[in-house]
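Letters A, B and C name the chains as they come in the text, with residue numbers starting at 1 for each one.
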Amino acid sequence: MRMPRLSTVIAVGALAFLLLPFIVVIGASFDTSNQFAIQFPPRNLSFMRYTEINPKYIDAVINSTIIAVIVSLLAAAFGLAASLGIVRGSLAGREIFKSFFRLPVQIPLIVTGAVFLQFFSWIGSFTGFYPARSLAGVVLAHLIVTIPYAIGSIAAMLERLHPSYEEAAQSLGASNWSVFWNVTFPSIRPGVAVGLFYAFAVSFGDVPIALFLVRDKTMTLPVQVFNDMQVDFQPSILALSTLVIILSLVMMLVIQKLVGLDFVLSSRQKR
Amino acid sequence: MASDAVSSRRTGLSLSKQVSHDSGHARIRWERFLWLPGLLYFFLLLLPQGTFLELSLHADTGAGQVSDTRSLANYIGILSDPFFLRSIWQTFYLSLIATAISLAIAVPTAYALARIGGKLATISLSLILTTSLITVVIKLMGLSIFLSPAGLLNQMLLGTGIISQPLILINNQIGVLIGLVQYVLPILVLLLFGVVQTIPVYLEEAAEIHGATRTSIFLSVIVPSMKPSMVSGGLIAFNMCMGAFTSAVLLGGGRVLIMPVLVQQYIIQRAEYGYGTALAALLLLFVFAANVSVGLWFVRMRRARPVRAGA
Amino acid sequence: MSSVELRHLSKSFDGDRHAVENVNLSIHEGEFVVFLGPSGCGKTTTLRMIAGFEFPTEGQIFIGGEDVTRVPPRRREIGMVFQNYALFQTMTVAENVAFGLRQRRLGRAAIDARVDDMLRMAQISAYRDRYPAELSGGQQQRVALVRALAISPRMLLMDEPLGALDQKMREIMQVELKQLQQRLGITTVFVTHDQQEAMSLADRIVVMEGGKIRQIGAPTELYERPNSQFVAEFIGKNNILTGTIKDVSNGACIVNLAREVDVAVQRPINPRRGESIVFCVRPEHIDIVRHSTASMDNAVVGTVEQTQYFGNRTHYLIALESHKNVLVEKARSDESFSVGERVGISWNVKDSLLLDA
């Protein structure tokens, strides 16, 4: 089979287009030819930008990481429970449950952000607890939009695990808990790992939701960068972004080593 | 005698097993696991969205306050104001064009990657997957540097003499479009790649031996087999574009006032919650309407022609 | 219709090992040639080189006298039926059949007329507007066949086209295919690993093994005069025996199979005493008699190990004293033998065939 020529050309172009912004950011982060202007391709290569990173970004990275870790763990737990219920439960109208649990990703993120801003102040007005005053607000809002990703990858795995394995374990005298921990969970672990990974990525990168909920103390990295890009763009942001890009690549490689690219891809489609 | 003993022991065994079956080994009632996430969905999805929609029925009275009575005033106000109508229209067509461009790029890209296969395709896909997971803010940063009037693209075009004036590619609709394509393209490629993989190569060979050219194979074998996923993938891309706010702000330079931007402005900057929530509710409504109508159209199309990809 | 010629055709996928090695073959116009051989012997690869999907590493391919080695598949004017039919699932039966005609930019009316003809010929006009997924395996097979024939190709290639059908349907399709091929007089290359299918379809069979052609010939020729142990065993059932030449007479030579067991075998061209030889005898050429009544010369004594009854014939597996088992086929007769019985077996000297080892 000879290769489709035009398609290959388009594919090369698409790949270049998708990688371009990262190449520009990484390249420009090493430029120090001019104190305040951004230059790509870079001229005077040095690590200077990396030493200038404003401490407020470090705080933002810490906030974003805390939020994303908590969100991904919770999303995986809730996603696991929901997947078990949807795939294994005896349900009338399984498809309806599936679509219901997928709803949050179909709502425009900006709407979700606005909704939570209003909801949290409404909660606060009669309980005295204002979730948006701490990281809890962003965590709760991110949780609801990341659970569908976790369900997508875990349910995909669960659907491939034939119930006869669980039944075999039961027939051999295993208790329900033992069946779950010894048979079900080990088999769907890759799905859980991918779910965690997606939830982390979505939470760590989100702007439209967090924008409504963060304050100075709870500022996340993407929102900080988003704000500064509009008013006060410091070249050191490029250095920080480069670090984020490298970290994402490393995480991607790790997750691929753990579960294989095929699985990451196939569960992505199940969104 | 001996055989009697054996058989009675067997009976004993099967009895004891039955007993334990009744007590502890009944089917796990997995559906009960739905309660916990279900409750969470009630408190974090249904309840907030409900109160939000309710708020959109209260008119603004200034200074971040809304009136106590419910009415459709916000909706009527928005839908009768040319400014908002233009914004709604702009949101729609930008999303539609971005989706169409992305599909036009993603289909051949997915096709080529699937057919090239091997290490090269794996590496490309990993890179594309990684780009889809990194925050869109960083992508937009790179794009705005590259596309700016003094950026590399304009330098190259000016340098080769193709243009004499820098092209204005950011702070306008073109910039926003490029940003939207950047945002949804990786997801479409990943999604369609899986689909092309299920189209057997021998179908292409069958077309080729019957005289089809490359283009003809692509159009008559590949595209029809991918049509269902192109529709569902296109819908996902369209939804993402409709809610895409970051690219509109960062590459639109405050000049491209699509609905997500207005929602943010009205709620955060102007504290006009009535209009802000009504705008958000309308956006939600349009997205759902688009999904439902495409879904219905698609079901009807499929019923008329039982399209199945692959053999 | 066109003749086909393969000259010194070789293909290796990764450089060292040959999938196809130095294949030479000329196929006459209108001939039905079957490639037969065990799995992995290079049948599909050869067929795909004729179709143009694989480039030969060496050698040339001629169709109708024209060198097509470098011609892309779509210009070769070949009809091909794929193993899994490769029907386009997004097109109706009629659209599938019209596909090749549309590529040739024929007019609508001409295409419609041709499609109707083809569907009528295959007796599937009723399914004109159905999709492939709504057809049975046999119906899909017919669609694939007429889709290939619709373009009036110079030749027809088929790679195990009947493999997915059940035994009964297979036999029906074999008869239909052969009739159709003869009626159209189209040069056909058919790949199979089923020797019965090959025998029932072929004008000539090309037996392949390990990428090489082992023998080419009409079914009767291959059956009656296999040139090697491989072909003798691959085509039909056969008993392969080895022994050493003990004595030579004018018509035959006496071969010692084991200690006391001697048989008469066709005389080699240049027999030498003490030389070891390989020969074969077909099961149906072996006679079997009760031990006590044995009076034929050339009879060997053995014990019935196993019997298999097929209605019109019975197979006996006879264990000789040399510990070698011999299969004997007996047409329906009054005489039958039971397991454990001592019997004598014998054959005519002319039915024992010497083989190259």
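The criterion applied here is as follows: contacts are C-beta pairs under 8 Å (C-beta built on N, C-alpha and C of every residue); 3 or more make two chains touch, one makes a residue touch a chain.
Bear in mind that the values here come from a model prediction, so they are computed numbers and not experimental data.
Peer 1: Given which chains touch which, is the overall layout a line, a ring, a star, complete, or other?
Peer 2: Its topology is that of a line.
Peer 1: Select, from A-B and B-C, the pair of chains that is joined by more C-beta pairs in contact.
Peer 2: Counting C-beta pairs in contact for A-B and B-C gives the edge to A-B.
Peer 1: Which chain has its Cα centroid closest to the overall Cα centroid?
Peer 2: If one averages C-alpha positions chain by chain, the most central is B.
Peer 1: Per the centroid of Cα atoms for each chain, what is the distance between subunit A and subunit C, given in Å?
Peer 2: That gives a centre separation of 59 Å.
Peer 1: How many angstrom between the C-alpha centroids of subunit B and subunit A?
Peer 2: Going by mean C-alpha positions, subunit A sits 15 Å from subunit B.
Peer 1: So how far apart, in whole Å, are subunit B and subunit C when each is placed at the average of its C-alpha atoms?
Peer 2: 55
Peer 1: For subunit A, what residues touch not just one other chain but two or more?
Peer 2: 1
Peer 1: Which residues belonging to subunit C are in contact with no fewer than two other chains?
Peer 2: 53, in rising order.
Peer 1: Would you pick out the residues of subunit B that each touch at least 2 other chains?
Peer 2: Answer for subunit B, listing residues that touch two or more other chains: 205.
Peer 1: Which part of subunit A faces subunit B closely enough to touch in the complex?
Peer 2: Interface residues on subunit A, with respect to subunit B: 1, 3-8, 10-11, 13-15, 17-25, 28, 38, 40-41, 78-79, 81-82, 84-91, 97, 100-101, 103-104, 106-111, 113-119, 122, 140-141, 143-144, 147, 166, 170, 173, 175-176, 179-180, 198, 201, 204-208, 211-212, 221-222, 225-226, 229-230, 237-238, 241, 244-245, 248-249, 252-253, 256, 261, 264-266, 268-269, 271.
Peer 1: Quick check on the complex: what are the subunit C residues that touch subunit B?
Peer 2: On the subunit C side, the touching residues are 51-53, 72-80, 82, 84-91, 99-100, 103-104, 131-134, 147-148, 151.
Peer 1: With touch defined as at the start, can you tell me which subunit B residues reach subunit C in the complex?
Peer 2: Going through subunit B, the ones touching subunit C are 200, 202-203, 205-213, 216, 220-221, 224-225, 227, 305-311.
Peer 1: Which stretch or stretches of subunit B touch subunit A in the complex?
Peer 2: Within the complex, subunit B touches subunit A at residues 20, 24-25, 28-34, 36-38, 40-41, 44-45, 47-49, 51-52, 55, 105-106, 108-109, 111-113, 115-116, 122, 124-131, 133-146, 151-152, 181-182, 185-187, 189-191, 193-194, 201, 204-205, 214-215, 218, 236, 239, 242-243, 245-246, 249-250, 260, 263-264, 267-268, 273, 276-277, 280-281, 283-284, 287-288, 291.
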